[in-house]
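Labels run A, B and C following the written order; every chain starts at residue 1.
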């Protein structure tokens, strides 16, 4: 089947997925007790009934659920994500404000995790069962097993309070108004601990996966044949093993994009980073429906595109899989 | 998100240069230093920066420095800010304020009675939570001249009640910026224009608010002493404590960091830690009963529960000593309205068990007398601890308590609408006068689903009458007496246990001077605050 | 199995002891097993350590460890015995880890195997469903589920299972896609073996190794997810759980760090145990030649 056909089919299938997600989430969230007004009023520390009634009518929350769903979906068709009553701004504005921080955090964490993790995993596989292997593997597992928020808090205590090397939180030093290179350095400093907290878990994952994959593939016929032919070990590793061992790593990468957003919820909260993760948590707690739907919509699109690309990459890497 | 405010730097620079040229007008014990930026911790973000639209501590902490009320409260009593004098007629239906002359809004326009009238009729009466109940009978605000405002009520309004409410609920807004607009969507709700010592500069959501010195402040050229205030939003309390210690913030108010860190920093010589400056903002930790539960409808059971609570120990453990045992719906900061000449319940588990036996709740084969489902309110660190403490204590007298976790919407609906609970606990603020705060817990008749009202199924017609009479009694002395009666009855009947009164706590860097010098300092304007840098 | 191994003379040793020999070779895996046994022992003996109630007030608040033998590991903010919390918490964590994982893996295997084997429109439909679940950030979905269902222990377990099944499904599907074109499958089909038998007897055993490794990953993730929920204040306060203890210990982190550190270490060791065991199992099932 041609590539173009495949692409079109995937695109067409993505649409019902999105619909299922949006409608399903909307209805699911409506099942949660309470709504935005309850959360807002709770935040304020109290209000009288007239105020609350007025707020509800204002937000359209006094209408039947299906009506609200209909209104929402029609707006969505025009790419109008609606108004966030909690933030008093259009959802799109808030999302765009926050997207940069989270993307930066995610990309640097994944980059760090994949590169260092794969490298360590390959080294461990090369020296399989030796002491080096055991140390690397166990260390990786310890990183993996440690809750990221615990690690984050301990790092703050050590590096910010005791040593004063790194800032406690936030994305930049207010109001220093750095420009250019200074600004980049300032943001980078603020991201060191959050990236470390978030990435160590995925680092361990990639390390183990790479190690397992390399070991698996090293055993297969065509690799043995290559070795028997006298091709050098380095060439072996890079061309044959790496190419096939990348398969599960690539699969996992597709999965991680969605998971790491969840991981960023906690890390962003600990470090007070203004990102999508913290936004999502607040949106659930405050029943900010429009905001939550906006986040889910945005991340859904990203994940679908990423998965699609990964499947293509996958098929190219393993020529034995047919894309029926 | 990563915004650069390029225009800001030069104007701030200009401000600082201009500011440093002014000599201090007052010679105090210490030489007052001009200048500096205050970094202030905000643990939650209210998003609406308009004190005439949202009555909430989180709003006052920011806007109180930008928008001023008619009257503020100091340790010398109520003093006029935008008002200079006030008086009421004998029948209580007219209250007149004389307004301060020569005051300008931050955009240069003059402050007049029109602003007060507009704000009172459109915001205080219609939109501001808590205030709409207070101003329900307000018919009109007349302006015989630009600096006199006459409030006319259809039913008598005690002068001392209105005056006590003004610091929180009496902020005028500039009419020329709001008239003819959609009041709720007006962009000035997030960019306040006021008359205060600091002018709004910028609000980056999720991160900070900045305000800078008002060069034309009506109190005089020397005020305010600071150049700038930056409010930083840090929701994680541990991170906030770390920021305090690293010197990144100088003030964290309203229990912005955890009790454990408060206790720890109180030993740190760099900080002032205490409850001074919060006398106007006392809160109660409560145990609320669902009187629809047959067992809890029996006053002996409620008294037994109170006897099983070791309040002193809870104060030590949870509040680290920064609290007092409660004596009813009116706390000790309630002034003349307060009395502690009431029935009390000392910690006595044996007595508790005896009362339960008497009420007919004997232990079963597992030693369990009663099972209760308990909802803790989700705000504040100590509400969760207080709930767990409650469960611990109840187990010792044979009451099995299951704690339900819920977030804010879940709690509000569970307790106030669905009545799906047996006991609950929360903290409730006392706002200077019982009529606008704690009485609402005791008076029956609120519609189902009204949060923070008596949704407990408790109805006592005698108490209802006492509450109504007290609210409209014009003679302050008689009024106080009526509240004493209510206090006594509340402690006899225990519809709600007002277990602990706790003021809020601030952690302040010692580099700040003149801090916490009024009973509602964190909500007030801080015009005389200075930094020893 | 390689040709060499299957042709060695003398009666072949039983499958289990072969696996155990292979497992033993990995010392780290044995360590994992030891750790797991310790955790199981803690869960089993919790009733002896604290027969009444791990949440009761056992002493003064914030007593440091090793100062009072009635509470050997110290007490927390409300005077609860930390040692009792660790032992009883072991039960809770094991329960969460195991049951959530069983739920997640069962769904995952079913969906992944059917999807990967049959391909075509069945694959399309199941993959769309999987994608839908996978696309929503799992922690956000978990938060929403917990907000709806409430924070009781059983509901948390169900919610964690629901957000975790997609990864094993994809992994299984990937393996099936890779394996279904192989010669031994063709051969089985030619012999007339039915689809179900091919799926479960021929392909699945070969597809399992990464899933087994992943089972341990999911078990670990489940425990970490529960602790994250507790950290955010959404745990079940009626049970002693390590997550709750860390959440409670957060407030006193700077003055009494042991309140959070001790359960944190317990989590790390338990997660470590599951992971090491998973790895050991993986190699025991799929032996490799040692590279000397």
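One rule holds for everything that comes next: a contact is a pair of C-beta atoms (placed from the backbone, for glycine too) under 8 Å apart; a residue touches a chain by one contact, two chains touch by 3 or more.
Owing to the predicted nature of the structure, the values given are computational and were not obtained by experimental measurement.
Chain centroids computed from C-alpha atoms place A closest to the centre of all protein C-alpha atoms shown. Comparing chain pairs B-C and A-B, the larger number of C-beta contacts belongs to A-B.
Separation between the centroids of chain A and chain C, computed from CA atoms only, is 21 Å. Look at where the CA atoms of chain B average out and do the same for chain C: the two points lie 47 Å apart. Rounded to whole angstrom, the centroid-to-centroid distance between chain A and chain B, based on C-alpha atoms, equals 39 Å. Chain C has residues 147, 250, 253-254 in contact with two or more other chains. Shared contact sites, meaning residues of chain A that touch two or more other chains, fall at 32-33, 153, 157, 269, 285. Residue positions 238, 378, 406-407, 410 of chain B are each in touch with at least two other chains. Of all the residues in chain C, the ones that touch chain A in their complex are 25-28, 119-120, 124, 128-129, 131-132, 134-140, 142-145, 147-148, 166-167, 170-171, 174, 177-178, 181, 210, 213, 217, 220, 224, 227-228, 231-232, 246, 250, 253-254, 260, 264, 267-272, 275-276, 279, 282, 286, 288-291.
Touching chain C in their complex are the following residues of chain A: 13, 16-17, 20-21, 24-25, 28-29, 31-33, 126, 128-129, 134, 137-138, 141-142, 144-147, 149-150, 153, 157, 205, 208, 212, 215-216, 218-219, 247-248, 251, 254-255, 258-259, 261-263, 265-266, 269, 280-281, 284-285, 292, 295-296, 299-300, 303-304, 307, 314, 318, 320-322, 324.
If you check the complex, the residues on chain C that touch chain B are 53, 55-57, 61, 77-79, 147, 150-151, 233-238, 250-256.
Those residues of chain B whose C-beta lies close enough to touch chain A in the complex are 1-2, 4-6, 8-9, 12, 37, 44, 46-48, 54-59, 127-130, 132-133, 184, 189-190, 205-208, 210, 230, 232-236, 238-239, 242-243, 245-246, 248, 378-379, 406-414, 418, 428-429, 446-447, 449-453. Across the complex, chain B meets chain C through its residues 237-238, 241, 258-261, 263-264, 317-318, 378, 381, 384-385, 387-389, 391-392, 395, 402-407, 410.
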